[in-house]
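Per-chain residue numbering starts at 1, and chain names A, B and C are given in the order in which the chains are listed.
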C-alpha cells in the first residue's frame, strides 16, 4: 500500500488531466443542484444599486472583455442586463478594452434584449469600441464630459446623434449607474466617475482579480461587485433566473475540487515516499 | 487625477529628494550595504548552468508596452543577462510581445554584445524574436520554444497577464530552471508554483539597480526604503489621529482637505 | 553626441509631462487665475507618442515573416509550420481588409470563420488549458514541508471551497457564521488585502524611483 501511495508522488500528469477533464464535464452535462448561500455584500450592493435606478433611467455598461475572460464575464454581463430588462432600465454599452469586445457584448446582449422586447436605438445602444491608446484616464474623463465626442457612431455605423437613446445621454450625469465588466477593471473609473461626479460605479471582474478591489468595497467607493461566476450565480439567484453563471459556478466547484484533490494526492505521495525512504534506509 | 494637488506635489518632491540625496551620497563613496536578493543572484548561476549544459537561455519579456516603467526595468535585467550570455558565449533567445518593445529589446541585446566585444556573435533575427501581440499565442509559443530547445534556463521578467501559467508550467514539468520577476501580484501565485525563484513587488525594480555596473545605483535602493518609511509614517500619523478622542485630530484631516 | 541627444529628448519629454501634471489646471485668483500653459499641448504630445509607437508596430511581424521565409528557403525543421503561418497571415489580412467593405459576402464569411471559428476557439482552448495546468502545478508544488506551507495550504483550501457552491454544500449544516464562504471572504478582505496594500506601496515607491532614474538617464541601458 505504502509503495503504491509513494507512486502518487511522481504521478504522470496525464492521469491528473484525465481526472480533471472528467470532473469538469460532469457538471456541464448533468445539472447538479447545490445549495447556494446568501449573496455576498458585494453582489447585493450591485443588485441594490440597480434596484435604485428608476424605470426608464439609463445605465452605462463598459463591456471590455473578449474570449480570454468570456468564461466569467459573459455570465456577469448577462445577469445584469437581464435585471435591467426586467426593470425596464435602458442602457448604453461601450468597450474600452479590445477591438473585439463590442462583438462579444452584442452577441451576449442581443438575445436577452430581444426577449425582453427592447428596441435597439430606443432602449439600448452598443456604442462600440473606444480606443484608449494613451491610457484609460483621458478616455474615461472625456467620456464623462461629452460622450458624443468620444464616439461619433455606434457599432453598426449609425451616427450617435441619430439614435433616440443617445439624444438623452450626453454626459455622465445623464446616467444613474456605471457597470464595468472586464477581466480586471481599472480603478480609474472610480477616480474619474465616482470621485468627480458622484455617479455610482460597480465592477464585474475575474475571481482572481477581486482581492484588488475589496478596499474599494470597504470604503464604499464601489457600490458593488460581481466576483467571477459565483457573483453571477448569486446575482441570478437574486433576480430568480438561474442561467449561465449558476451552471458555470457548478463547474468551478468541480474544478476547485480537482485542485484540492491534486494537492492532497501530491502530499500523500510525498509522505509515503518519505516513509518508504526512511524504511529503506 | 489630472493635475497634482499640494499633497501629491509635496510627496513627489519628498520622494525625489530622497532619491537624489541617496544618489549623491553613493556617488561620494557612501555605497550602502544591500542584502542579497535571492532571485537576482540566481540569474547568474542560471546562465552559468545553461552554459555548462550547452543549452540556450530563454528570456521572455512582459506584456506592457514601451511606455511602461515595468518594461524599462525588464530591459535593465535583459541588458545584464545579455552581457552574461555574450561573455560566456551562451545562446540567448529573447522573446518580446508588444510590437514597440521588440526593436528596443533588439538594440539592448546588440549593445550588450558590443560592450562585451563580440558584436559578430549577435544574430538579431534569431536571438530577438517577436512572437505575437496575443497573450495566449505568446504564452503558448514561449512554452513550446522552451520545450523544443530544452532551454538551460528560462527567465520571465515583466508584467504578465493570465498567460503566466501557460508559459511556465510546461518548463516546470520538464525540469527547466525558471526565474520570474513581476511587480504586480496577480500572477505571482502561479510563478511561485512553477518557478524556482521569484522576484516580486519592489524587488523587481530593485533588481535593475542591483545588477547595474554603476555601484552608485545601489544607493538609490536605500531611497526606496526611505520612501516606504515615509508612507508608513503617514499611515501611522493618520491612525493615531483617528484614534484621538472627540475629533481632536480633525485639524489634521481639515489640513489635508484644504491642500487637496 | 548620440548619447547626449537621447538623454536630452528623454529629459525634455519627461519634464514636459511632469510639469504639466505638477502645475495646476488654473492658478489661484491671487496669482492671476491663468490656465496651465502646457495642457493645450498635451493631446499633441500624446499623439506624437502614438505615432512613434505605431512606427514600430510593423517591425515585429516583419521579423516573423523573415524568419519563417528563411526557414522555408533553407528547408529547416519547422518549415511546414512557417508555411502555414504565412498562408494564414495573408488570408487574414485579406479577410480583415475586405470584411465590412461590401465587396463580397465571401469575405465576411471568411472573416467570421477565421475569427469565431479559429481564433476565438483557440483562445478559449488555451484558457481551458490553464485549468489543467493549475491541477498539475498544485500536485507538484503544494507540498506541506513546514508550518508556513501548511498555513498556506489550509488558507488555499478554505478560499477554494469558499468561492464555489461546493463549500456551501459541505458546510450547509453549520450555523451561518461558521460557513466556509465567510472565512474565505475574511481571508481575502482582511489579511490578503492588507498585504496587497503593503506590497503596492513598496511597488509604487520602486516604480517612482525607477522612473525617476530613467528620466535622469542614470544607469541607462542604451547608449
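Just so it is clear, a contact is a pair of C-beta atoms (placed from the backbone, for glycine too) under 8 Å apart; a residue touches a chain by one contact, two chains touch by 3 or more.
Keep in mind that this is a model prediction, so the values were computed, not measured.
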Topology of the chain contact graph, where touching chains are joined (line, ring, star, complete, other): complete
Most distant chain from chain C by Cα centroid: A
Pair joined by more contacting C-beta pairs (B-C or A-B): B-C
Chain centre separation in whole Å, for chain C relative to chain B (CA means): 15
Cα-centroid distance, chain A relative to chain B, in whole angstrom: 30
Touching two or more other chains - residue numbers and ranges from chain B: 2, 136, 162, 173
Multi-partner residues of chain A (each touching 2 or more other chains): 13, 68, 212
Numbers and ranges of chain C residues touching at least 2 other chains: 49, 53, 123, 127, 134, 136, 138, 140, 142, 196
For the chain B and chain A complex, residues of the former touching the latter: 1-2, 135-136, 161-162, 173, 186
Residue ranges of chain B in contact with chain C within the complex: 2-4, 9, 12, 15-16, 19, 23, 65-67, 69-70, 72-73, 75-76, 78-79, 96, 99-100, 102-104, 107-108, 111, 125-126, 128-131, 133-134, 136-137, 139-140, 162, 165-166, 169, 172-173, 183-185, 190, 192-194, 200-202, 204-206, 208-209, 212, 214, 217, 220, 223-224, 227-228, 231
In the complex, chain A residues that touch chain C: 11, 13, 16-17, 19-21, 24, 34-38, 40, 66-68, 70-71, 100, 133-134, 138, 207, 210-212, 214-215, 218, 227-228, 230, 233, 249-250, 252-260, 262-263, 265-267, 270
Of all residues in chain C, those that touch chain B in their complex: 20-25, 36, 49, 53, 56-61, 63-64, 66-67, 70, 122-123, 126-127, 129-130, 133-134, 136-138, 140-142, 196, 199, 201-203, 205-214, 218-219, 221-223
For the chain A and chain B complex, residues of the former touching the latter: 13, 68, 137, 141, 183-184, 191, 208-209, 212
